[in-house]
Amino acid sequence: MRGHRKHLPTSKDISGCAISGIMNEAGERFSGDMIIGSIATMHDRSNGLGGGFAAYGIYPDYKDHYAIHIMYDELADRQSTERLIARYCLLYEDESIPNRPSPVIRMRPFLHRYFVQVRPELLRRHSDLTEDDVIVDMVMEINTKIKGSFVFSSGKNMGVFKGVGYPEDIGEFYRLDEYQGYLWTSHGRFPTNTSGWWGGAHPFSILDWSVVHNGEISSYGINKRYLDNFGYDCSLFTDTEVIAYLFDLLVRKHHLPFEAACMAMAPPFWSQIEHLEPRRAELARTMRTVYAGALLNGPFSVLVGYSGGMVGFNDRTKLRPMVAARQGDMLLVASEETAIREVCPQVDRIWHAVGGVPIIGQLKDPAKVLGQPEAARLARMTRSLAPGAAAA
Amino acid sequence: MAPRLVQPEFSVQRDGERCIACGVCVRQCANQVHSYHPEYEEVRAAAERCVGCHRCAWLCPTGALSIIHTPPTYRHGGHWSSEAISNVYKQADSGGVLLGAMGNSQPVPVYWDHLLLNASQVTNPSIDPLREPMELKTFLGRKPDQVELEMSGPEPSLATTLAPQLELSMPIMFSAMSYGAISYPACKSLAMAARELGTLANSGEGGLHPDFWDFGPSMIVQVASGRFGVTPDYLGAAAAVEIKIGQGAKPGIGGHLPGEKVDDSVSRTRMIPVGSDALSPAPHHDIYSIEDLRQLIYSLKEAVRYRKPISVKIAAVHNVAAIASGIVRAGADIVAIDGYKGGTGAAPAMIRDNVGIPIEFALAAVDDRLRSEGIRNLASVVACGGFRCSADVVKALALGADAVYIGTAALIALGCHMCQQCFTGKCNWGIATQDPYLTRRLNPEIGAQRLYNLLSGWAHEIKEMMGGMGINAVESLRGNRHHLRAWGLSDRELKILGISAVGE
Amino acid sequence: MKIIQAIAQYCMNCRLCEINCMVAHSSSRDIITAFRAERERLTSRVTVEQSGPRTFPVQCRFCQDAPCAVACMTGAITQDPATGWVAHDPDKCVGCWMCVMVCPNGAMARDVGGHVTSKCDLCAALDQPACVAGCPNGALVLAERDEVENA
Amino acid sequence: MPDSKYLVIGNSAAAVGAVEAIRAIDPEGSLTILSRESEPVYSRPLISYLLGGKVEPAALAYRPAGFYRAMGVEAKLGVSATAIDPAARTVAAYDGQAYGYDRLLIATGGRPIVPPLEGSELAGVFSFTTLADARAIETFITEQGVGSAVVIGGGLIGLKSVEALAARGLKVSVVELAERVLSITLDQAASALAAEALAESGVELITGNTVERIHGRAGVVSGVTLADGRRLDCGLVILAIGVAPDTSLAETAGIATDRGILVDSTMATSAPGIYAAGDVAQASEIISGQKRSIPIWPLAVAQGRVAGAAMAGGDARYPGGLAMNSVEIGGLAFISAGLTTVPEDDGLVQLSRLEPETKTYRKVMLQDGKLVGYVLVGAVERAGILTGLIQSGIQVAELGETLLSDELGLIHLDPDYRARLLAGKGAVA
């Protein structure tokens, strides 16, 4: 099977990984060199069968447009895809995603990007739909219906770049050194059962959610079926996809702040809940009861990026590594401390993440970076439940 | 009348070198198999009365007794088994309905045995339940789609109030077994064990003996078609109320407690005359369709002031998924599905062995259906009908059950030897009888301890299996069919079960 | 002192207590040998009483001012005033049945073969009385004499 | 003058009961026993077993060697009391001493009734109530080579001696004035079974008759002549007509007596500081409510215990006596208690069952719904339960025939009564 061909898997993806994320909370943008440098130190955590990045703030000229990154098996697939896009969106610009040919990157698909906006008449016609919903529907339709097309990035002012190879080579290939972003995440993959398809690399992304993740989620089967209940079709059989959708469901649709979403996904143990003060115990009990299907079990560390920041968190028993550091406005989170020290030798503070407790990085002044409406939406997402509630 | 043609099924073998003629067997056999003959100073057996309950063999202090199953061996015929022939004899002798008790006794496929569980290797660590937390706590009841938080205060607070939930320490409950069908000490054993274990027992349709009202918080009470023992206080005493529509052992027919088992105490509990047969009608006479069920559900919710979940129990029949969907939409907080191998105190054998579908398929179909309709969270699904061991339970949870009911396994823990003669009222183990000479044989302290031991053992095994799968909370096992693989099943069966074949 | 209490509602009339008692006090202590070779001397010191479906075992209650010790004319039965223990010395017993005559519990058994009486000794040589240890339904327990409840 | 806090005249069941009861309360107070017998306390009823060769002499010890020392008792054995001076609180003794006391117990027991019978002074004529009697008889039989004996009296003592003599191989004849043996303790039917058992063991039973005179040759018994003129040859005569309370000391001291010394429920006599217990005492009886002398071992011990406790300042009460007896004749057990025959007055209900083939007989007597007596022959296992029922005075009418059953048990009895029994609290509340 040719590696660049779209190949939606039929069984669960299993892989080991390296993850890294770097953010400037002041919204200062910086080049992709730094994240490439960080992920490259963890070369041995991946095996050359997948690498990728998510970058935020890279398309300031199109910050109000959805940037749709698509990989095509054949150029011929473009036609039907673009017709489909046109049904949902107005196209403002499209181009091949710039790249730098490299001897180590082979058998790549055709990579194209579109800057679009949702057709206003769709929103008028379906008053209950948001433009995000329309984009999600469109992505789902392309990915499940069109044989040779795969949308791998669909957020505003952000983009995912991924492929088969070591992450540093993928970064080089996509010329990420030439982009400026205020938040970067990255992933190096060590799959054990992959076909080596570009779309199978991480991050996984929907809208502005991007997820990089290390570990294997043993609750995958029920998380997938739980999401099914809410209309999410988890076609990629990856934990990352499930985590992304869960964040989308819990934060975007159910309006839970990140801390609550993390509590749903990595809740305190019942024995810990018993010792919380009653109001917090009730909250935790209710969250666990209602979101039982969202509980992510098994070992994982995950970094979720979105336009307002990033959230790193571990499984509740912390069976996967995650180190975080702060230096000035910079927040760095990675699988290994070296991946932080390599690009930021001096740090103000460095610590190991606590199981189930999210590490939240957020733009200090999102209005300045993202505009007022988006800032208002994000404010809700970062509300703290209560000091120590999630830490329990 | 010509002699009966039915032949004994058991041989009572007494080792003459060991028998001391102490008479324990004589005193313990309610079927009067053993008798002492003082003139010869020996005990003899009338094997034709033996039902194979093994009470005598168990208590014989010298181990002199063996009960051997020796069904008549007619000339082998593939179609006409010895049992089929014997059944014809029985009915030609008696003219009656073939009665059966406990679960289906035919050698039908056990789908649990075709399902295999997963375990972690390398890519994912297993979890050692002796070292790490391993959570089996389960909540049954209606859940909202989402939790809403009130964001206006200094910190977010709950804006969602949960519907009433049943909190279980483990996803295993004792299924409905009525006082009347089983003895007072059997009921008490179940109630005591449920309380000790932090789970629930179920009154069945026989009302609640006043002595057991203290156990109310550990009991589900049933409202069945006979309405036996149903009063506002009865509903109020329990943790939840279950409407019994059907039973896996006998879908489509009502209950029948023979008058012999209706003694004074049973009569007062059921509110029926002593010695009268307790006949539950086949249907509820106020339920002729789903909207009537809705009325009953809400009547009961009113009666318990919306403080307790209402469960609806049905037998697994052909279109169980659609029925379950209707029940959820009718307002049930819990749907209990009783499979084809569920037990009973008495059922026509033809019904027991030929009506209904296996719980494995019923459960998978119901879980799928509720999910596809987006209403899975509106009700918990409880599976029952023939769970033999913790692995069966784990498989059921993985297929989608929130919890399971165990009945037969609990009775076996209490001493039941599956002789399947519950309807005779002569249970030598003191379980399915009201004979005061027999009920004494079950000490509820011992019974409760045995049940506690059984479920503690199962809980430990479940934790081990979960740990192997890298799961430390039961909600991550529930409906997680990725941890199941099947062998020896057709593609169609796999599809219905929603699982892959081994090796996939 | 602790004596044996019957929890009557769980006595199921198997009478294994009687059998275990006989074996524990036989010389072979082997059930089959005892019943084969020592049958004449086997005397249960516990008796299961029956009234309809109700049954329960009775054995020596170690009474206050034990009437058997008062009545015993040979000095075979003595009661320790400090502990209340009632001892029976079969070597001193001549089988006059005076104790049988006065025991209000009917707990003095007649060993006709040996022409002596015998009574519950709580199997003092064993970890616990054979009847208690062997009761399959927990119907026999040890309890402080003053706290013994009705059967 | 050897003064004691406690002085006991007598050295048998009542005396030992008293000594043990005193010591349970007062471990220190000085305690002296005066006994006309020279042996340490022995089991009086066992003298027939000794004579019959069924037990060794050592088996007669009622209490272990060292009993007196352990109890802190000054035992003056073989020292008869001769007179009591209640005013001076002294007892004169055969040794010439006057024993002072603070508390005195008269436990002198009974003396055999010796009728004015011609020939009763002959060698070979014995009573049978003491160990000395048993030894003397044994010696006489051995020395004289006695082969046959006549026992005068078919009561308990008589039949016990018969049993012993028969066991020694003597040919024994019993002469009983009444129409049946054990006429006081048994009823007609049981007596018949006893007679049958005697006959089966080769004993000649002569009832409705008596010995007119004892013949002798050279001062030694050679035979008897009966009232009907019959003559029986024999080498030994046992006088077992009966025993009477030995009240002589009390009478001379001016202590109130009837048949025995009259005592109250603490065994106190009419004289201050003086108590009486055992066969010499006449204490209350539970069925009649009257004071009666009942010379049986269990009551002697019980009375001795009450007396001892009272002497030492305790508050024990005698619940009242009940006549009862256990005897074996020819291997057949007889136990009876209370009323065994229907007296003249009505109001008594009698239930009985006789099974001649198994030689079992059971009879109970009820009055006003209470058990007042029973006779058991052969199957005697349930005797104690019946005794308890008489002593407790509880209603048993509804038990009916169950009272005759071998299966009779606590399970059939009143729950409160059963609870008391199971808690070891005995029959009497």
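The letters A, B, C and D name the chains in turn, as written, and every chain counts its residues from 1.
Please note the rule applied: contacts are C-beta pairs under 8 Å (C-beta built on N, C-alpha and C of every residue); 3 or more make two chains touch, one makes a residue touch a chain.
If you're wondering where the values come from, they're calculated on a predicted model, not measured in any experiment.
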| field | Which of C-D and B-C has more C-beta contact pairs | value | C-D
| said: Quick check for you: compute each chain's CA centroid and the global CA centroid, then name the chain with the smallest gap between them. | reply: B
| remark: Whole-angstrom distance, CA centroid of chain A to CA centroid of chain C, is 80
| Cα-centroid distance, chain B relative to chain C, in whole angstrom | 43
| note | The distance between the C-alpha centres of chain A and chain D, rounded to whole Å, is 106
| Measuring from the mean C-alpha position of chain C to the mean C-alpha position of chain D, what distance in angstrom results? | 28
| task | Check each residue of chain D and list the ones that touch at least two other chains. | result | none
| said: For chain C, give me the residues that contact two or more of the other chains. | reply: 54-55
| query | So in the complex, which bits of chain B are touching chain C? | reply | 17-18, 20-24, 27-28, 59, 61-62, 430, 435-437, 440-443, 445-446
| task | Would you tell me which residues of chain D are touching chain C in their complex? | result | 13, 17, 20, 24, 43-46, 49, 54-55, 59, 61-64, 297-298, 301-302, 305, 324-326, 328, 333, 335, 337, 380-385, 387-389, 391-392, 407-412, 415, 418-419, 421-427
| request: Using the touch definition up top, name the residues of chain B that touch chain A in the complex. | output: 120, 123-125, 127, 132-133, 135, 137, 139, 143-149, 151, 155-158, 160, 162, 165, 371-372, 374, 376-377, 398, 469-473, 475-483, 500, 504
| field | Complex contacts: residues of chain C adjacent to chain B | value | 7, 9-16, 19-20, 31-32, 35-36, 52-55, 134, 136-139
| note | In the complex, the residues of chain A that touch chain B are 11-12, 14-16, 192, 215-216, 218-222, 224-226, 228-230, 253-257, 260, 264, 267, 269-271, 279, 282-283, 286-293, 295-299, 316-317, 319, 380, 383-386
